[in-house]
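Shown next, in structure tokens, is the structure this report addresses.
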Amino acid sequence: MIKVGIVGGTGYTGVELLRLLAQHPEVELAAITSRAETGVPVADMYPSLRGRVKLAFSDPAKAPLSACDLVFFATPNGVAMQQTRQLLDAGVRVVDLAADFRIADIAVWEKWYGMQHACPDLVAEAVYGLPEVNRAAIRGARLVANPGCYPTATQLGFLPLVEAGCVDLDHLIADAKSGVSGAGRKAETHILFSEASDNFKAYGVPGHRHLPEIRQGLARAAGREVGLTFVPHLTPMIRGIHSTLYARISREEDFQGLFERRFADEPFVDVLPPKSHPETRSVRAANTCRIAIHRPQGGDTLVILSVIDNLVKGAAGQAVQNMNLMFGFDECAGLSQIPVLP
Amino acid sequence: MIKVGIVGGTGYTGVELLRLLAQHPEVELAAITSRAETGVPVADMYPSLRGRVKLAFSDPAKAPLSACDLVFFATPNGVAMQQTRQLLDAGVRVVDLAADFRIADIAVWEKWYGMQHACPDLVAEAVYGLPEVNRAAIRGARLVANPGCYPTATQLGFLPLVEAGCVDLDHLIADAKSGVSGAGRKAETHILFSEASDNFKAYGVPGHRHLPEIRQGLARAAGREVGLTFVPHLTPMIRGIHSTLYARISREEDFQGLFERRFADEPFVDVLPPKSHPETRSVRAANTCRIAIHRPQGGDTLVILSVIDNLVKGAAGQAVQNMNLMFGFDECAGLSQIPVLP
Amino acid sequence: MIKVGIVGGTGYTGVELLRLLAQHPEVELAAITSRAETGVPVADMYPSLRGRVKLAFSDPAKAPLSACDLVFFATPNGVAMQQTRQLLDAGVRVVDLAADFRIADIAVWEKWYGMQHACPDLVAEAVYGLPEVNRAAIRGARLVANPGCYPTATQLGFLPLVEAGCVDLDHLIADAKSGVSGAGRKAETHILFSEASDNFKAYGVPGHRHLPEIRQGLARAAGREVGLTFVPHLTPMIRGIHSTLYARISREEDFQGLFERRFADEPFVDVLPPKSHPETRSVRAANTCRIAIHRPQGGDTLVILSVIDNLVKGAAGQAVQNMNLMFGFDECAGLSQIPVLP
Amino acid sequence: MIKVGIVGGTGYTGVELLRLLAQHPEVELAAITSRAETGVPVADMYPSLRGRVKLAFSDPAKAPLSACDLVFFATPNGVAMQQTRQLLDAGVRVVDLAADFRIADIAVWEKWYGMQHACPDLVAEAVYGLPEVNRAAIRGARLVANPGCYPTATQLGFLPLVEAGCVDLDHLIADAKSGVSGAGRKAETHILFSEASDNFKAYGVPGHRHLPEIRQGLARAAGREVGLTFVPHLTPMIRGIHSTLYARISREEDFQGLFERRFADEPFVDVLPPKSHPETRSVRAANTCRIAIHRPQGGDTLVILSVIDNLVKGAAGQAVQNMNLMFGFDECAGLSQIPVLP
């Protein structure tokens, strides 16, 4: 049993962490903080947790975080970088679900996130928490940067091709669709039910913060820079990401076999049989990524379909997976929920 | 470990049973039948079960059902009554999720279900599987009639009042709203996405099959006939039932206390604090009923709000709860999933 | 052609007024105000109006409202009462879509709306704009209080019974369900897509502001006080209200005929044949109320089903209907859109 | 006034035709046929049309179609080709909303539609009814092949680039998303509410029937064959198509200006300002296509966003637009509805 704290637990990634951790056999929830909700029982805000989570939100300044073995940050960008050093110095390990430690190039991070970074040296130390790429490094990490939701679905779909070097790396295209929970639990007009329901739109086409994160991950896999056009869309569902990926073939391969071999030992990546079309609901509330490989009309363009639940494999579930690795637990501990369908 | 079979596993209650049973510590799935899908791996039809359920659908005629300890019928009305005697004779216990054994008065059943009953004697033996009412009888039952979804939410909300005899029993009103999965997975026009989405309607106002079932349950609790107006509605969500119940007060009581005492030891009924409004999503994918008690404006009419997930506490979850009781397992075994929110 | 102004045009009733008025043969849109959006072309905020509405939002202090023939207030409660006298004095007629002039009893209004009323004398002058009740008075009115959405659907469903005095007037029940647009276009957490979608709940059961409005209307029709239990619910759709009404019969009548006669000449009330179940989509984007009458099981309780589009017959459409009456236009002018289905 | 008949009026394109034609100033609805619903008043099946359409469905064999000036076929593929010659011979003009006359290459058509064509000579005569391309020919046509929904959104988005020859014509990509009404009103399991709601998936990636239609249209515009990867997706909304188009720049241009000039005189194509993201709801229930042009990060890949309502500009609205051209009416007659938002 380890003691775990959550900083900023009122958003969707926070409540999803609570759902998963409350069912985890190796975890004791020690504290969950929220400045705005200090003193409020968590289950008053989220009745789904009634009888399952007894904690109240505590004042971030007073919470016993330094007595924890691990602290998750489920905070807006820019918060974790202010508090992580102190926790690490106290011997606490940290998983940040926001973007503070994801981008190695500080100048790139500062440009896309519009603020000065508080601790570039910790960025250098942080491990990018995509277990399918960095499993060994995550095991030994003090500080893990949990990947973004689009980056998880998109990288997992492109990785076998990029590692094998068999597609045109200068013109990758990721057409990604997200459920509305990906925008968080903020009181903003554009994600109101009456705005987002029965509606579909692209957004951020000129540039989205997940673009440099995906490009960094693919460049590391390729050993060179890659060119990527990334177009996110908002689709009227709560959970789920569907990345439709396009890549021009530069060298013939058994592409189905390439994916199957690459993910053969991965507990949370499921390569579907040829001609499959994964549905987002097939991973709803579970820590799974399902991938299908297509080559329409036998042409020179591959189409990869990759789905995850943005709140699980795209956020809280992957964070728990990282925790499992960091503390030597079974990688699947607390993550065995079967997807909820329908 | 017991061996369990499912007859008719291709509908929503079937796949929900599979989701729950595949995670149950005391159950070995021995067979799941479907005439139409014989030979098809279950996970091909429901990719959410890939890697978790290895079974293929088997021919009902050949499935090793008589070697099971328990068989669930997740079939249309009228199927279980044809096959139950044979199973019981072979020493197999049975839980029917359809309506074949729910109504004690055979004439009433035949009128509402439009067919002749095949085994009235077994109806007499069957135990109505609402554990909050019949726990002891369920423990010893060979044959359990699993309640309908509307009847579960509605009876649990009315029971304390009816048992206490403190409301006008001749004029109860149940205004119930169901998600679309309650209509099953049938290829019918009126439950198409483009018909049921962004739309709300009542249906079956002249008479719905769950009316006699609810009336029977309430009459047993009251020790007399009750009068009930029952109006079901279709609401554009997948899972969930919200019963809004109206009862005229005939004798003053501490109504909040009445409900809290009645359900104090119930693991799956949660009485909310005064002035609460339970949401269906607070029980999504979990075996919980949440209830709130209101007395608007201090008048003489009580308003009870009762929510369940129709596929869990309203079907498959309650069936597993009944199984747990029948076989002496922990009543909560395999039913500890936390609701999925958002 | 009359000149029309709209105060507060950025909400859903505002944009719906624009949709209807831009297609109205007798109306010239002269001004639409918004403090926050001054200078922004309306079509930039609502691209659905591109090419159809050329106006920009103007500063409320500078807009040529006093040169209008009619001004609609599509503002939060409490705004119209501050500005109406000045407009009336300038000879401008006013329709308020908010609640400032709906409740005749000032003390009741102040209790439910939590503020002091600015002009009780104008409340006394204002005509409650339900044409099916007050057509003649609306024609001559300077100031019309446009009814609320729940009150429109609920009163139209109860009126024939209450006017005929054939039901128990002390125990009426209205179980009403609204689409989310009824909550307006405010950045509030509880109406986010990820909160309101795939979810159903009651709200305001202890007391909702539309309760006194409905009671007032029914009391006027009855010539005495009435008792009403009113329970509103939020249902996951954009537009639509479905009121399910319950009344105990106190005198036998041909209830179907009663409704048909009462609304025989009403252009916007459609009494359906016996055993019908009106769907909210059957009135989507149109100024129609459809009503069905049921007497389940031949008992003593009537069930009336009444549906409207909350933004049309429940707000902007009814306001245009009132305008048509006030200015002697064809009552249906600009309101002939056929419902959008699916 | 012309007399118009509709063959096969029970589907979504049929009811949408009725909605538009019932409000059209130059049209008299003479007949609407349905074998299955013969004798049923249209308004019984579609209550949204109560009071607006008096017709009953008539037997196709007895309907006075040959007395019409124009007949629309809103039938499954393969029906119109059996009946068109007889109507043309009787002097009736025909618009087919299905695919029978869309593909000039009969062998290609027969391969994708899996049947033998009944009248190749009429295919040769038919005019492809995309007014933005074939306006003059449509005016004189006896027989118009109304384009598919995906083909309309996709061709309009690609056309300026393809006509100008400034992009790589061998590697066009169309990632298209459709609301569920695009699948029609058929009782099929995969488009049930409980299957399609809160879910997102691609389908038909190996090959979709709209692929050859789009390729044909773009090839005609280019004067050569084009290469296209077309991936359709199902998104949980009723109406709307969003095509996200990718094209590699082969020659620099003022791309925004190119689109604005190309569609300057088009009444139903709206080129949005730079950096816009059109939403499907901005065209809901209207005959408009809105297009935005992006060049992310100043790279060599253009991203074009194109939205329509699949039932209007993608089907019934475009059919009415074609009718207007064929009979010399104002091209916008009966098509001036403002989009319904929210």
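Letters A, B, C and D mark the chains as written, and numbering starts fresh at 1 in each.
The working rule: contacts are C-beta pairs under 8 Å (C-beta built on N, C-alpha and C of every residue); 3 or more make two chains touch, one makes a residue touch a chain.
In this text, all values refer to a predicted model and were calculated from it rather than measured experimentally.
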Farthest-lying chain, centroid of Cα atoms versus that of subunit D: B
Between A-D and C-D, the pair with more C-beta contacts: A-D
Distance between the centres, which are taken as Cα means, of subunit C and subunit A, whole angstrom: 45
Rounded Å distance, subunit A centre to subunit D centre (Cα mean): 39
Cα-centroid distance, subunit C relative to subunit D, in whole angstrom: 36
Multi-chain contact sites of subunit A, meaning residues that touch two or more partners: 12, 179, 181, 185, 194-195, 197-198, 236-239, 278-279, 281, 284, 342
Touching residues on subunit A, where the partner in the complex is subunit B: 12, 15, 19, 22-23, 46-52, 181, 185, 197-198, 238-239, 270, 272, 278-279, 281-286, 290, 311, 336-342
Touch list for subunit A against partner subunit C, complex: 12, 179-181, 183, 185-189, 191-198, 236-238
Subunit A partner contacts - residues on subunit D that touch it in the complex: 171, 173, 175, 177, 179, 194-195, 197-203, 205-207, 211, 227, 229-231, 233, 235-240, 242, 244, 246, 248, 275, 277-281, 284, 294, 296-297, 299-301, 303, 305, 307, 342
